[in-house]
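In the two complexes that follow, subunit A is the common piece, with subunit B as its partner first and subunit C second.
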Partner chain A sequence: MDLAALTARHPSAFRPDWGRRAVVAACVVAPVALFAYALASLDVSWSRVFAGLGRLGDFVGLMLPPSYGTTAKLLTYLHALAETLAIAFLGTLLAAMLALPLGFLAARNVIPTWIFRFGVRRFLDTVRSVDTLIWALIWINVVGLGPFAGVLAIMSSDFGAFGKLFSEAIEAADNKAVEGVESAGGSRLHGVRFGLLPQVLPVMASQVLYFFESNTRSATIIGIVGAGGIGQYLYEEIKVLEWGHVSFLVLLVLAAVVLIDAVSARLRFAVIGNRPQR
Partner chain B sequence: MATAIPHRPDAQNQALVDGYEAAIAARRRRTLLGIAILAALILAAARISEVDLGTFFGNLGRFTSYIGRIFTLEDGHLVFTNPAEWLWGLRKWLRLLGETLLIAYLGTVIGGLGAFGLSFLAARNMVVAPWLRFSARRFLEFCRTVPELVFALIFVVAFGLGPLPGVLALGIHTMGALGKLFAEVVENIDMKPVEGVAATGANWAQGVRFGTLPQVLSNFVSYTLLRFEVNVRGAAIMGFVGAGGIGQDLVEAIRKFYYSDVSAILMLIVVTVMLIDLVTERARHALIGRELGR
Partner chain C sequence: MLVIEGLTRRFGGKVAVSDVSLTVESGGFVGVIGRSGAGKSTLLRMINRLQEPSEGRILCDGRDVTALRGQALRDWRADCAMIFQQFNLSGRLDVLTNVLMGRLNKTSTLSSVLRLWSAQDKAMALSALEMLDIANLAAQRADSLSGGQQQRVAIARALVQEPRMILADEPIASLDPRNTKVVMDALLRINKHYCITVLCNLHSLDLARTYCDRLVGMAQGRVVFDGAPEALTEDVARELYGLEAGEVMDAAAERPQPAAAAFAAA
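What follows is the complex of A and B.
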């Protein structure tokens, strides 16, 4: 059977579907048009791009080899890196501790009144929408320049995210374990301790570890506004065009992030075991 | 009729009880050790990051008064009493917000296209030399590990002030983040349709177009939309380092203590971010729903 015969027998399968094609065309044309409009309205010109790429090439040439100058400077950098890690660690931990009670308040199976839950959720959303860097600027007004403001900034912005994730973990918990404990003669508190907590704690711990990883990255940049950590030096070295130092600092950050990722991946694995992550 | 419940002799039970208690004690010791290590780490971190609870609680009033102050106009009334005065710069801010959204859009599209190309090189099941896969993966890792603001700082020096460095910084970071996710999607596809297309005599490109692409496209779009949400937040702070968008005005308002402007711009950013979240969530659910309906 040849194609012509097939077409004659099943005309609907071979007829062009103009409606579908129009949808596909619109799905392609609209983003491309928006892309062109964005390029035009943001004043992106090829000459600027190429001139910039040329300069960027020069910078990359100057970045090699990475160097740290004097030993005193190396020690300063290492201390700043330790500060960054400390900020990420404390900020994440404080955020988790503050978010735990709110997670319970925002969970459907703990507080059944929707109006209250709605309020808590919108509050968490608002806190979450404000970036770490903005929180850092606000906290600097309160405790002054330095890493403590960074800790508080990380704490504030993650607090919203943790509250949401924790409440979801609590809502997803199986109530049968709690009922089981209570039917064996346990009190309500026993039910929460031996029925609910073992279910949600590993999930929460793994989320906290995951955020610690990503906060190591955030903590490297809050130094740009003066909230401590290695970002401050990165900012200064870029301003004075010391490209060797810049690349050294970037490598330092990369090494730290990779190390933290490896450690926290192992810890996460130890905490949740082989269970699929929810 | 009374039945005698057989009892094990206490001596035999004792061994089991001892074993149980030893096991529990070992667990307790491990937990205590964990807590001790955690406490030591907290103390060390607090020392390094100069945590000063005295200053914190002494100045906590400043935090609440600052929040109160940014919601107060110059004449001492709350901002909500006079919206026209509060949002005096609405026209300019909306233009800057539009610029922020365009930066996020361009960065997402550029990064998404780069990720699309590289993900096929980084995926294990696509026919590719191991060294090429290895270098593609390391490159993507580098792109997503360096914070976007660091890229932006460097690009501002190279390309000059304005939205362009912001777009490129977001683009590179997006490429790294999406490239990893895309590669995982490509690795998880069902190879049977690809083989089926190949069996009809199609070449490699046709196999990708009709075998691979239909399986991955909806996931790709969904991840890209999610990334757009993240990039809107990222673009809002690009102005902190001079890379365009509304961040420039925000940082100026905070630094120069234009209190009511701070709350106005923050409110606009928060509302925009929430709206974008809502729209992209709708779009993603519609996409996934259509996928399941087929």
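What follows is the complex of A and C.
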């Protein structure tokens, strides 16, 4: 190995790359500076946090022990929890069902027409940019208080996200199978049905499950503004300062979320993890 | 009879296939040879119309197939079955469904999309699989099969299309020597038994000589050789493959079997 000769033949490989180093340095310095600026301008005061720590301790004291009061109340809570889960489940499923066709329409390898795809994408972006809570407030005004507004809120906010994720999964799919189907005389629809769909369906199913997990949390929050479910009771108990009940409700939600996380994580692995090892 | 007239394909400024004219008689086993980038794949893909020609025409029994659209185009594609180097199966679907893809063109859209295959279609697919000795794998997922088995599935798919012609684009390039022989033998059997024209891109000169009854040599998008395998002299091979040719021919002459294996594995 002749270092000198190799250096002579490939000078660029040995030369220190100042441009690249400058970029890396900028990538580190810029976020740090931004962070410092944000701390200064957002009125962050650590002394206030320390002064308030005592009050935070008082709250914890008030919340212990968690209690649900009467059995009738426990049943109401459990019913509300079930309602929250139902809102999350229905909302996610509806969003996925609506997003499925749009995901295909927004994918480059399905619809080559640029202008059409552009329209669908911007529509999905617009829907997605509105948060679940805002959608809840909107739907409460349209269909009234209650779980139905919750279902619609979750559906509206996730539908945009699903559409985008689905279309990206479809674009990432391998085109060889589609080509195989079309080379045999299959139509475009056949290509999508037999070449694309089998590849992307497991990915989509896993995304839907993941959203269901996180929507159990969202469904709790939108309950607070009156869109049904356990959030409503959480809000009421906070208002009447029943801190024991509040902590019980929080634990209830926590238990449900942990349970759903575990089950859906397993399901997701079962759906995507059966790729043969090669 | 397939007649290609002045077929040209450009990618941007690059000419992949340049003014190719060929006549392929029915029932032949034609090998297309040439080094990497010569335009072999592009030529085959244009015949199946997976790629549009920039210029020129393709005529089948006097009918211009370059102008076909819609159902007529799909009928043509079913008529000239394509076999790919990478198999192009739908990996998550089972083997039988993959073979049934070859029947799509002859099935109503509704029943095919719902996967309601007729008993005849299934029987046809299974008998094609039996002929290729892989009927026992019918229920397995395609991506759980070995490369050689997957390529046989692809051949079965081509067979159930009841094609007039099979276009095979380096069907053995990702297979080991044993599977190479299995796949090439299957193509030869189909060619002789059903009298289906085979147009096959090959990298290995030995294989081309063994199986083909006519060779078309391409270099830089042009046809530079067209004739019987015996007529392929060392000079022509050198023109086709550049400097490597001498080595190619010598190695092949000295020890034919290992050389074939080396090419097939490469």
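Assume the second predicted complex is superposed on the first by the 212 of 278 C-alpha atoms of A that agree within 3 Å, B and C clash if a C-alpha of one lies under 4 Å from a C-alpha of the other, contacts with A are read in each partner's own complex, and residues count from 1 in each chain.
The criterion applied here is as follows: a residue touches a chain if its C-beta (ideal position, glycine included) is under 8 Å from a C-beta of that chain, and two chains touch if they have at least 3 such contacts.
The structure presented is a predicted model; accordingly, all values stated were derived computationally and were not measured.
A.B. asks: Scan A:G195 for contacts with subunit B and subunit C and give back first, second, both or neither.
C.D. replies: The second partner, subunit C, only.
A.B. asks: May I ask you to decide whether A:A184 touches subunit B, subunit C, both, or neither, giving the answer as first, second, both or neither?
C.D. replies: second
A.B. asks: Could you look at A:Y235 and tell me whether it touches subunit B, subunit C, both or neither (first, second, both, neither)?
C.D. replies: It touches subunit B, and subunit C stays clear.
A.B. asks: Quick one: subunit B or subunit C, who's touching more of subunit A?
C.D. replies: B
A.B. asks: Touching A:K176 in the superposition: subunit B (first), subunit C (second), both, neither?
C.D. replies: So A:K176 only meets subunit C here.
A.B. asks: Counting only touches as set out at the top, which of subunit B and subunit C does A:F35 meet: first, second, both, neither?
C.D. replies: Only subunit B is touched by A:F35; subunit C is not.
A.B. asks: Return first, second, both or neither, reflecting whether A:V142 touches subunit B, subunit C, both chains, or no partner chain.
C.D. replies: Only subunit B; A:V142 stays clear of subunit C.
A.B. asks: Both subunit B and subunit C contact which residues of subunit A?
C.D. replies: No residue of subunit A touches both subunit B and subunit C.
A.B. asks: Would you pull the subunit A residues touching subunit C in the complex into a rising list?
C.D. replies: Contacts found on subunit A: 176-177, 179-187, 189-190, 193-195, 198-199, 202, 275-276, 278.
A.B. asks: Can you tell me which positions in subunit C touch subunit A when the two form their complex?
C.D. replies: My answer: residues 48, 50, 74-79, 81-82, 84, 86-93, 97, 101-102, 104-105, 109, 112-113, 141, 143-144, 154, 157-158, 161.
A.B. asks: Touching residues of subunit B toward subunit A in the complex: what are they?
C.D. replies: Residues 41-42, 44-46, 48-52, 55-56, 59-60, 62-63, 66, 99, 102-103, 105-106, 109, 142, 145-147, 149-150, 153-155, 157-160, 162-165, 167, 233, 236-237, 240-241, 244, 250-251, 254-255, 266, 269-270, 273-274.
A.B. asks: Quick one: in the complex, what on subunit A touches subunit B?
C.D. replies: 31, 34-35, 37-39, 41-44, 48-49, 51-53, 55-56, 59, 79, 82-83, 85-87, 89-90, 93, 125-126, 129-131, 133-134, 137-139, 141-144, 146-148, 150-152, 217-218, 220-221, 224-225, 228, 231, 234-235, 238, 241, 246, 250, 253-254, 257-258
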